[in-house]
Structures are given as structure tokens and as C-alpha cells.
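Okay, got some structures for you below.
Look for chain A in each of the two complexes below; its partner is chain B in the first and chain C in the second.
Showing the complex of A and B:
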């Protein structure tokens, strides 16, 4: 049955609304409910706040999308964010490293974790869930060792500016997120690399027979995911002016949730950056809206969980129908 | 069918993930750590035995082995307790033995069993689950190990099983902050609480905070709780929830955070909202990060916890007991209020001192 799966390479912009109609309607309904019960939701400053709060999640989602498109998963993202953030903070605060060195170090740490994941999964055939579970553990442990359980304070204005600058009220981290989203869109839609990712997720064996270097193209996306996480760690440490060992805990949850809500199939081969973007907004609106309404944060988890479940059920039903 | 299965599997993975992220790494790390520790223990125990034979009757202050069991050692509060414990042990010539329970009460219990087996004379104990400490305490008593319970106090039913208690006064910690607000906002204030609602001590802190306002303000009704947000005691979580709360309410005057770590998130959120200087941010703990923030003027007040002193006192009491002396059974450690006015008196980089 696997062989008959169609590889969906996303088409023109016009098809965007049609393809994502379900979640777009969902998002609009959600926005309407929140806006009616809390008028402050639709103020420009809150919209900017909402975008800013979800910027790092958006960057990580771009990585998670790549993994899930290949029919795999990366649960090490949160710990990689923590590891690179803490290493960045350590270098700049405790070692007095220059800003550019720290920036490169953060991204390099992410890339290194990603490379370990990629090699383990692609070349050594370790299931993605297990491989990234292992690196998650290792990363979190190293984060705690390096930070020594202490929150590292950063007092370097040039570094904190990397996360705290804004242009006419638009935070620089929203710009980073936009750039990463655009980059990922181009990668998936306009390059051979992207085409291979869809092909791998659609049918690995078929991709191999048609001459794709499966090992290489299965590994490289993980390096990219790692770099995105490194960027996430860099942004958070710069933005907070500090980094603690707990940084990034649970980030994989929000990322997987947004990607799945965005219509990406957990079995691979199907999913788009555009859909993921809506998924990110849905998660963001739930969190922000409930916070504005003063609803206990524990309920947010309940709502998120229900929405993920509904999204996956819709995915399953849709596939069932298209088979008939 | 295959596809359905794969989706279900994936879902299961996602669900199991949360469990893995918290328990798995803890286990493996603790295991390796425990392995390393055991070696150290064996050495020290061997040493002890020989020394004890040689010096036999000379029991003045030394040659005891003290066990220490906190929640975790990847949290600077508990590492500060450890500093105090270590310092007292060094001064008194005791061997110190400790493991990292990684916030897991079952591990804590088995590690304490291991410590008893290695021959500790007294245990400085911060039970992760104060209501579930009974069996651990009973084991200690049966083995003749003195127990000084610090920080997180066991339930009253178990008082007879411990030899001494030292703890912070959580009400007073909150009270000092409330008092600061009452004194510095004579006309009242709109207050946002960045809470950690799952921790009983924080619930007591917040109650103490309001008590401090009520007893010190001329008109307590002018102090309004605008919202309670769940910051999880964590910097980036608090940052996000406070950012949202600042969107919902533009009349906030004061943010009370249940620890300095979360107060840092509030500071950053207020700064991004362009309200620096308009909102007073109070923390709790007197942690180095909190003191630096008060020194920088980004936070206004923090009520000091004294983890190092607490750990130090714990060992002192244990050794006094072992030498046949008497101690106060229950000691509440008095907090003090750190503000811009007195910040110069404190060492910014240490949690607390032993004076």
C-alpha cells in the first residue's frame, strides 16, 4: 500500500487557500471567539506581541516540518535550543567571547547535534524517535553540566540587542522567523533538495531506485534542524539576557503540535510551510488568547491537546476518503 | 490500515515524549553520577574506618559522615544549600556524602538507603515529597541515623521521626514584599502575580504577600489583584505570560514574582512593552541574579532565602546532636528584605552569607 502514496509537491499560491481551507476557517473562528471575549486581542501591540512570542516556535517548526515530511521526527529540538542558548551565554558572559564568535558557536552547536542525529538516523539506521530521544537526553544533561544549575546572566548590550531590537515596533526576532520561513519555503518548493525531502517521505525505496542519494538527503535536513534550534537558543538567550538549564523544555511539543495542526502527515511526504504557518498561529492564538482572558495556563495544555487530536483525526479521515 | 497504524504510532510517540523528556535523562544521568559517587563513597568509608580505629575516642567534632539529600543539584538554590553543608563539614572535619535525586522521590529514597548502607551518622534531608517521607525517616531511625530536616518540612505526624527542623518562613518571605508595596504605593496599586501554583510554599508566599499589604497599608482595599499568571517559576515562561498580561491590562503598577528567576522574565517583558520604570517588579529568594537586578535597578525588592546558612546550620545541629548536645527542635530562619537602599551591603554573587 505504501507504494501508491502520492508525493504532494505544493503548487501555486492560488491553491494555498483551497488546500488549507480547514485550518484557515479554524483559525478565523478561533480569532473571532478570542476577539469577542477580549477586545484587547486585536490591538496592534498585541498582534506584534503575539508574533514575537511565537517567533522562536516558528523557527523550530520549520525544522520539525522537515523531519516530519521525511516521515520521521526530531524530539531533541528543545534540548538543542537549551544547549546552544546556555553555551552562548556561557561564552559571552563567562569567557568574554566576542559576539560574532558566540553567534557562530550557537549555530555550530545546533549543527553538531543535528549532524549526530542525521548520521545516527540515516547512516546507522537508528529510528528517528530513538536517536533524537538519546540526543535530547545528552543535550539536556550537557546543558545542566555547563550551566551548573545556575542561571547565567548576560550583560553584553551588543549581544542582547540581537534579540531586543525592533523596527517600528516589529521585533527583530519576528524578522528572523520570517526569514527562516521564507528560506524553508524556497528550499522545499524551489530546490532539488526540497523535492528529495518530499520524495523520501513519500516513498524512500522509490526515491532510492530513482537515483536519489537517500542517505545524504536524509541526513542533511537534521543538520538544518539543528542550525534552526541553535538560532532559537541564540535568540532566547539574547532576548532574556540570561540562560538557564531549563531553557527550551517542552519546545518540541509546541513545534510538533503546530506542524501537525498545519496539515502535515505524520507518515511523511505531505505538508507545507504555509500550512505549518497557520498551525503556528493557531497555537499562538490559543496561548495568547487564554492568557489575555486570564484563564489558568493548565487549561491551555488541555485545549492544545484536543486540537492536536482533532487535527490528526482529520488527517486520517481525509486520507481514508482519498483512498476510496 | 498501515497508514492508520503509523499515525497512531506517531501519536503515541508524541505522547510518550513528555514522559521521556523528564524521566529518562534524569535516570541515566543519576545512574552515572551515582556510580561515580559510590566509588567516592567506598573510598571515604574505607578511610573512615581506619581513622576511626586510630582515633577512637576523639569524637570532639570530627569523623562523622554526614549525608545530604536535596531535590536536585541542577538548581542554584540547592547548590547554595550544598555550599553551606560542605562548608560546615569542612570546618567540623566531617565527611560529606551526597547524591543528586533529580527531583524524583523514589530515587531520593533509594539513594538515602545507599547512604545508610555506607554508614552515615546523620542526614541533612530536604524531602522532595514531604508527605511521603515517612518510610525514609523510619529507615533512618531504625539505623540510628540522626535526621535534620531542612527547607521543606515533613508533615507533623512525622515530627517524632526527625531530630531537628530548619526552614524558611514562607509567610514572612511574602510578607516583606507586601510590606514594601504597601509602603511604596501609599495610594494603592494594581498588582499582577506571577505564580507557581503547584508549589505549596509559593501559595503561602503569596498569602503572606497580601497579609503584608493588609497589615501595613492605610487603605488595603486600594490594592487590587489584576491577574494571576502561571509563570512556572521559569524565566521564559514568565516572560511570555507577563507579556500577554501587559497587553490585557495597561494599568499594572506592581508585579510580584514567586522567585527571582521568574522575575527576570517579568523584567524583560516590561522592558519590551516599553514600561520600564513604570512598573515595580518584586522577586523572592535574594538569588545572585535577583541581587544583580536590584543593583541594576530593574527589580525593586527581593526577600532573601538563606540556603547556605540553612545547610550550614543543618550540619552544625547534626554534629551537636551526635556529640550528645541539645538543639532547638524547630528553627525558622528569618528572612530580610533586599532593596535598592541596602543592596550595597550584600555580596551580589553569593546567595547568602553565614553571618
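Showing the complex of A and C:
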């Protein structure tokens, strides 16, 4: 008597498609609209441009995904990008520091901000929004102090090459973004660390009672978010060959938007790198398409806001229906 | 039957996709009548109630109130028709007063402004009518779970109620609170309110109801007068098969002391508690809700901080500061509240089962899916867990299946001491019997089991020894041969009698 019921689980690609069907269709419709009204959109050079200009957002999104999966948020990401970018520029341009020292410094600045956030949130029980609002202010202030309010120019070719090299037209920063996305996917799907993030985001008490060190696993993701932001700052300053006090302003909004559009639940415990990736592309296509159409950035914000609302409403409706 | 009934639901049918949940069910309730709905989980009880409450719409059939056909299209319409549903879960705002909760959504106003005083006065009137020992201006968060349940009832009947549905109202009430509830029900009966009472506890149905309607697999299989009903017959109707034995009890070989607690203290919940448990033994903890049993166990488990005292395992003093420490030493705690403390409802069965032993399946980077699948399959078969796939969300499982998932999660760790807190709360008769068999099997394998239960028959029929707690102290210790409900209740209320 064979009692085992085998259940057909769709293949990896099939499952991915099924889970994200709503936003995939949304992305295709969006691409179609933009491509029809602006033929330049589908040219290889524009697509490479689109990927490049969203690479840093993708890196930040990986961090934001971790925070939102825990049922929390990190609104300090933009200011951390600015702080590490400006410190990097300051070191290499004003102090003449070697490239490797600058790289490590950028990542370390990010990690430090993340550690402050993590300790405040996890060990001192400061609500994530408040803790990261505070570090956002502090970070932005320090960025202005260090830069002196002026743009720091970088004239170190080895450093600027870190953001301006390309392979067959594919920018190196797209490669960085791909690596961070893969890293985050592996982290969330193939390590205990990732499972614990889902567990404590889904139900902190149950996770704690199951022996998960919730304090530690609530704190460490913030350090990682900080490192991603440090990388973001490094890449931007290298790419632009300069860093200004305004670097990274508003990055948190694009990141939250992409993560939420990607189907991540703001209450935590539910969300994927795959969904977030599509969210990033949706935000990217909107920005790029509207740019091509010559619509100014004020209107772009309006459209982004509408898309976020629509995406979340669709998601809520879909979940509501599947419950019954 | 010439008389018009207060409520008549006739020929109610409801299907979700191809799954027929209710099939031609009839239910009638007269004025002042208490009707029980009995059935296993999945029998269709909650769907029937949700249709009455306007949450679901029946595919066919009609609902009459005082003989008049009503289209109950939303919960607001249900409310307007005097239908009140008291859900099993408590839905109160903890940081607001009882009065504010009772009048939530229909606040009393004087000159456009909310009149707190007036709401408190009105609420207090209802509370006094029901002879409850509560003050309308108390914060809900200060009350015990049992008292909060009673506040739900106050809330339901403070507005004009004609039909009150109580879904497992006693699941978190102590024996004395149950008596209070029965008092309330009798009062409502006098006021000609019709009551639908859903419970798994047959003893209660016999004590309070007039008629018992039995549902199985969406069909009505029995409608009997309580006076004429027979316990075994009801179980038979409900389960559709004979339950050869409800409780499983084999003789276990009791070995040495496993866990010993000496003079354990908590700042707020209990003081100077000492007890021991042995391998192969099931030790019960009886008492009223709020006696401090759950808090005691959570303190031993490291989830609550202790204020003093010592814990020994195998004669060796141990220090437990986090649940992790306890789990590492083989002491596990299965919470009474599996939805908020036991499971991650947004995640699937496989995830939940593997959480405690995750290091067995994930070493460094990479998941050993085969081993993990095997573990899930092993427990699925062993405990007869009904799931469509290991990827089914635990939030969608019935109480019994959820409890089995939680038990699997812990047993995979091969614990020495298992603390079970109300292990059969809110699960149906069939699943209960299965859980008892699992517990018995563990004890006979030499595991040390500590079981908190507010159902005295459960303690009497399962345990080898039991402690009784009252107001944060152990007031009695009984051996198997001394087990009687009277003895346990005496100890459980000892403090009050001394006064």
C-alpha cells in the first residue's frame, strides 16, 4: 500500500512565473506602451542604458528587501549612499588615499551606519522607522559637513574606472548589481540566515520560541543593508567622478517602491528577490520611458506614485480573493 | 410545525470552487433556546456561521427571522437583524477601556463629541446585570484572556441582540469563568435571546444546551434534544466511526528525575515554585486561567526572565536565559497559542517543520532538500497530517493539523523534556484522540512530559501525577490514584477559600 501522495510542484521557472504573474504582465504592458510611443526604447543601447541607470537602485533594493521582509524599513539608505560616496571622494581626492583603502572605507562607512541602525532597532527596541529616520538625518548632515556643501571632483583614473568600465557595452555597474542580486538570492534561499529573516519577519515570537537568535538576526541584515549602500556610494562617486552633498537623495523612495511593487508584504515575512527584480525593472522602464518621451521629472514622480498605489491595490485584491 | 421560529436557516448549500462545504443544512433556533452545533473541524460549522453573519453568501437556501425571509448580504445587515457572533479569537483593542471597546464603532455622543462617561455608565450596567467583577473603565490589556472573552460577550449583547452565536466560547475560560458564562447564557435565555453554541466539549453541551445539531462533511447528520442525547452516539455521529478509545493510556516505565525546579520566582506572575518531572512520566499542571502556569513554563523555557530560583536537568544546575539555551539542552515548550507563538502562518508546512532543526538541512550555503522532504514526509505519515503539499501555508490548516505540524517541528529535535501548554485547545475530537496517542507514545519512549491543561478530564485521563496552581503558587500535588475533579478544583481555588 503506497501511501505517499506525490504532489506536482511546478518547475523553478514555472513557479517563478506563476508567483509573479501580475507584475510580469504589468511590466510587459508597460514595455509595450513605451515601445509603441517611443521606438527608440527597444534599441540595444537604450536597454543597456536603462539597466545601467537602475543598477544602483537594484543594489539598494536588495537591502530594502531585507528590511521589509523583517516587517521593518530602512529610510536611511539614500543618506548612507551619500555619506559613503562623499567620504570615498574626500579620501581619494583630498587625502590622496589609495584606491583599495577608499573602497574599504566606503563599505566600512556603510557597515557602520547599518550597525548603528541594527543595534538601535534590534537591541534597544527603537522602531525601525524612527531609528533610520535619525540616522538619515545624521548621515545627511555629516555628508554636508564633509563635502563642505560643494561637489568634490575625483581625478583618479583607477578609481573612476570602477564605475566606467564596460564589457561589450555592458557597464561594470550592471555586473555589480547582478552580483548583489545573486548574492541576496542565495542568502535568502540557501542559507539559514535567510530562513531566519523570513521566520522573524513572519512571526517574531514563534521564531524566538523556536530557538532563533532573533536579536542577532534582526541586527545583522541592517549591517548588510549598510554595506550595500556603501557599495552604492562607491559606485556612484566612481561613475560620476565626483560626489556632492545631495548624492543619494530620494533613493529610499525608489527602493521601497520597487520592493513593494515586487510583491513584498510591508508587514514582513513575504517577498522574493525575483519579484523585487521585476519591481526594479518596472520603476526603471517608467523613468526611462518618460525621459524618452521628454516628460519632466516632476511628472515622473506623479506616475511612480500612481504605479505604486495600483500595484499594491492589485496585490491586496488578489490576496483577498485567494483567501476565500 | 405551525409556530414561527426566531431563526430558520433552511437548505443552506455552499461550495468553494468544486468543494461542497455545506449541503442542504437546516438549522432553527427558537426564542430562548440554546442550540449546539457539533462537528469536527471541516464539518462546515464555521462556514454556516459565516453565512449567518453575512460574511459568506450561501449558494442556495434561505434564512428567515421571525418567519420573514432575510437577505443577509453583509455583517452590517446581520447586525441590524440582531445577529451577534462572538468569535473564538479575541478581537479587542488592548490599550482601550472596556467601555471604549464595547462601544467601538457606535460611540455614544453628546453634542457631537464622544461621551466617555455615558459609555462607561451603560457598559457598567451590562456588566452588573451579568454579575461580572469588572469595571467599565479598566483597560482591556489588564484583563486575563478569560476575562477578555467575557468582555467580547458584554460587547455582543450590549446592543440589542436577538441571536447570539458563540464559537468555542470556553476555549480560554477557566472552570469558574465557564460557570459565569453559563450564568450569562441563562440570563439571555430569560430575555428570549436565541443562542447558537459551538463547542468541542461535550460536557458543556450537556450542561447548557437544549438541542444539539451534528454536522459531518457539510451535511446535517443529527438533530437531537440534549435530554435524550447520548455521549457515545454523538461522537459516533460526529466522527462517523467508533472512536475505540478517546484517551490512549499505556503503562509507562517511570525513570529518574529529568527536570527539577527549585524556588523559581517571577516578579509578577508566580513565586517560590518547586516541582520535578521524571522520564517516562506525564506530569499535569491544572489550575484556572491566570494561575501562572503558562508564565512558569515560559520562564523555565527562557522566554520570560526569572527573578530567582534554580533549574536542574539530570541533577545538574542549568542556566537558561533564552529559549535557545533550553532547546540546546533538550527542553522544548509547545505554546498554548499556536497561531501567534507556534507557527509562522505566512509560511508553509515544510518551512515551519524545519525551523527548529534548520542546521540539519542547511549547512553553510545550500539546502539539503531531500533530507528536508524526507523529514516532512515522515511526520506527515506518522501523525496523519492532512496537507495538500509541503508547500501549503500553515495559516490554511485546521487547528488539529496545525498542532501536529508544531509537534513535528519539536519532535524532530528529539527533546528530553516536552512542555505542552494546552495541547488540544481548539482542535476537534478526532484530532484530540490522535494527539493523546502521540503524547502517550512519547512518554512510553521515555520522554519527560509536562502538560498544562485546563480540561480536568484530560489531566485525569492522561497524567501520572499532577500539580495544581493557584495565583502563582503550587497549591497541591496529586498522584494518579488521588485524581478527582473535586480535589483539583479545591486546590485550584484554595487561595479564595482561605480568605
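Definition applied: the second predicted complex is superposed on the first by the 307 of 324 C-alpha atoms of A that agree within 3 Å, B and C clash if a C-alpha of one lies under 4 Å from a C-alpha of the other, contacts with A are read in each partner's own complex, and residues count from 1 in each chain.
The working rule: a residue touches a chain if its C-beta (ideal position, glycine included) is under 8 Å from a C-beta of that chain, and two chains touch if they have at least 3 such contacts.
As the structure is a prediction and not an experimental result, all values here were calculated from the model.
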item	value
Fit or clash between chain C and chain B when superposed on chain A	fit
First, second, both or neither for A:270, with chain B first and chain C second	second
Vertex chain A, arms to chain B and chain C (CA centres, degrees, nearest 10)	130
Partner chain in contact with A:213 - chain B first, chain C second, else both or neither	second
Per-residue touch tally on chain A - higher for chain B or for chain C	B
First, second, both or neither for A:157, with chain B first and chain C second	neither
Minimum distance between Cα atoms of chain B and chain C in the superposition (Å)	10
Residues of chain A contacting chain B in one complex and chain C in the other	265
Chain A-facing residues of chain C, complex	16, 56, 301, 303, 322-324, 327-328, 333, 335, 340-347, 351, 354-356, 358-359, 362, 364-367, 377, 381, 388-391, 409
Complex contact set, residues of chain A against chain C	3-4, 7, 9, 186, 189-192, 195-196, 198-199, 202-203, 205-213, 265, 269-270, 324
Parts of chain A lying in touch with chain B, wherever the complex brings them together	1-2, 5, 38, 40, 43, 45-46, 49, 52-53, 71, 73, 75, 78-79, 129, 133, 136-137, 140-141, 144, 147-151, 153, 164, 171, 236, 239-242, 244-247, 249-250, 252-253, 256, 265-267, 287-288, 291-294, 296-298, 308-309, 312, 315-316, 319-320
Of all residues in chain B, those that touch chain A in their complex	1-4, 6-7, 10-11, 13-14, 17-18, 20-21, 24-25, 28-29, 72-76, 78-79, 197, 227-230, 232, 234-236, 239-241, 243-245, 247-248, 261, 264-265, 268, 271-273, 287-289, 292
